[in-house]
Amino acid sequence: MITVRIQREPFDVQAEATLLTAGATDVGALVTFTGLCRDEGGRLLALELEHYPGMALEEITRIAEETEARFELEGLTVIHRHGLVAPGEQIVLVLAAASHRRAALQAADFMMDYLKTRAPFWKREHLTDGTLGDWVQASAADDLDAARWQRDETS
Amino acid sequence: MITVRIQREPFDVQAEATLLTAGATDVGALVTFTGLCRDEGGRLLALELEHYPGMALEEITRIAEETEARFELEGLTVIHRHGLVAPGEQIVLVLAAASHRRAALQAADFMMDYLKTRAPFWKREHLTDGTLGDWVQASAADDLDAARWQRDETS
Amino acid sequence: MKLLYFAWVRERIGKAEEEIAIPAGIETVSDLIAWLAARDEGGARAFNEPEVIRAAIDRTHASHDMPLAGAQEVAFFPPMTGG
Amino acid sequence: MKLLYFAWVRERIGKAEEEIAIPAGIETVSDLIAWLAARDEGGARAFNEPEVIRAAIDRTHASHDMPLAGAQEVAFFPPMTGG
């Protein structure tokens, strides 16, 4: 069961976990990954998350389907926020349920690597001095993280 | 910050997450791993978790300290239950907070592999037909999972 | 054909979207980028480093050598930074 | 020296713990396992496959070749199945 949502509002991790595992009796492992906004040493007032509305849900659903095809899951929920997010607030949630722990952990890891490099979202900094900061640069490390899954089909 | 608890009672994942991240502004990734009791195709009434009270807290704390030394974490919480646990109920919680996602994901993965192979807990099955089942056998796969961290110091 | 721009590509070209009639000889994503870069100042600013630009054709990621034939919506944007 | 037994080791030997005076010549975990296996029927049942038995000395995992000198609490149990 795949659930994908793009929303401006915060999400309730516990409520999503309850939804995902309701009635399931073969879930032995539940992994939640929550991505949060850091304050970047006090420099950051908020992150602005721009997205491509027409494509974001489709693309994240494609990534979720790949994740489900690749790992033995009992359920997968992905929620990505857009709009303004303050330090300490949530940006993204990945929730993976499986019979066995490695599948759930790896699914969350895989999902996040591909979200970072394929989901059409862009972050811009709003600074505590009241100015508009830069667009966040894509990280080469994220590309390398995503490339791991092509190099090593079993890891 | 390391928190380790051994308890009979269920835990509240959301409350533990809130505790761990309260006041933190440099947490970019929060991973929760919840281990749940499966029903083994309807065969299982409950799992009985026996533990070595004198050693369990000490050993899990040692594993948590190794985890903290190995990955750049902002916080780590580990809770392991003992006593009777019914299908669908929680057995173990690992909560890892970090600035960056790989550290949080790998810390949860590492922590679980070592919990499985080093924490002094033993599971016994209570069956739906009213009889006492077998002690759960340790899995060779768990030993291999734990051995990964010795083979490859960077993964 | 509808063109969409996001993040700093949108800011530099000075618009979020536009409708264009695709000129003769423009067959791939790469051709279209070169044409936009040559069209005006905003295009030059947005596409002066074509190698960093990502594209999507009809809401699916597309490499620069992908043909545009049949495309209804083409989007240009920087490398993604979501998640 | 206090001995503790857990899970099926406890069931087979028929007790959760006991206090023993360590006999002369018993120097390692392995020696103690062999002595317990030879002591009585419960010991034989619990320790008939010594290679699968895990041990802890004073609440720390110990290999079978570890010396017992100075130990106050030795525990025997099957491979762990927590988590």
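So that you can tell them apart, the chains are marked A, B, C and D in the order they are listed, and the count of residues begins at 1 in each.
Here, a contact is a pair of C-beta atoms (placed from the backbone, for glycine too) under 8 Å apart; a residue touches a chain by one contact, two chains touch by 3 or more.
Treat the numbers as computed from the prediction; the structure is a model and nothing was measured.
Ranking all chains by how far their C-alpha centres lie from the centre of chain A, first place goes to D. For the pair chain B and chain C, the distance between C-alpha centroids works out to 48 Å. Between chain A and chain B the centroid-to-centroid distance comes to 23 Å (mean Cα coordinates, whole Å).
Once the centre of each chain is set as its mean CA position, chain B and chain D turn out to be 26 Å apart.
Between chain C and chain D the centroid-to-centroid distance comes to 71 Å (mean Cα coordinates, whole Å). Multi-chain contact residues of chain B (touching two or more other chains) are listed as 35, 112. Counting only residues that touch two or more partner chains, chain C has none.
In this structure, the chains touch in the following pairs: A-B, A-C, B-D.
Against chain D, the residues of chain B that register as touching in their complex are 35, 49-52, 54-55, 58-59, 80, 91-92, 112, 115-124, 135-139.
Taken together, the chain A residues at the contact with chain B in this complex read 13-14, 17, 21, 24-39, 42, 87-88, 99, 101-102, 104-105, 108-109, 112, 145, 155.
Those residues of chain D whose C-beta lies close enough to touch chain B in the complex are 4, 6-8, 56, 59-61, 73, 75, 77-83.
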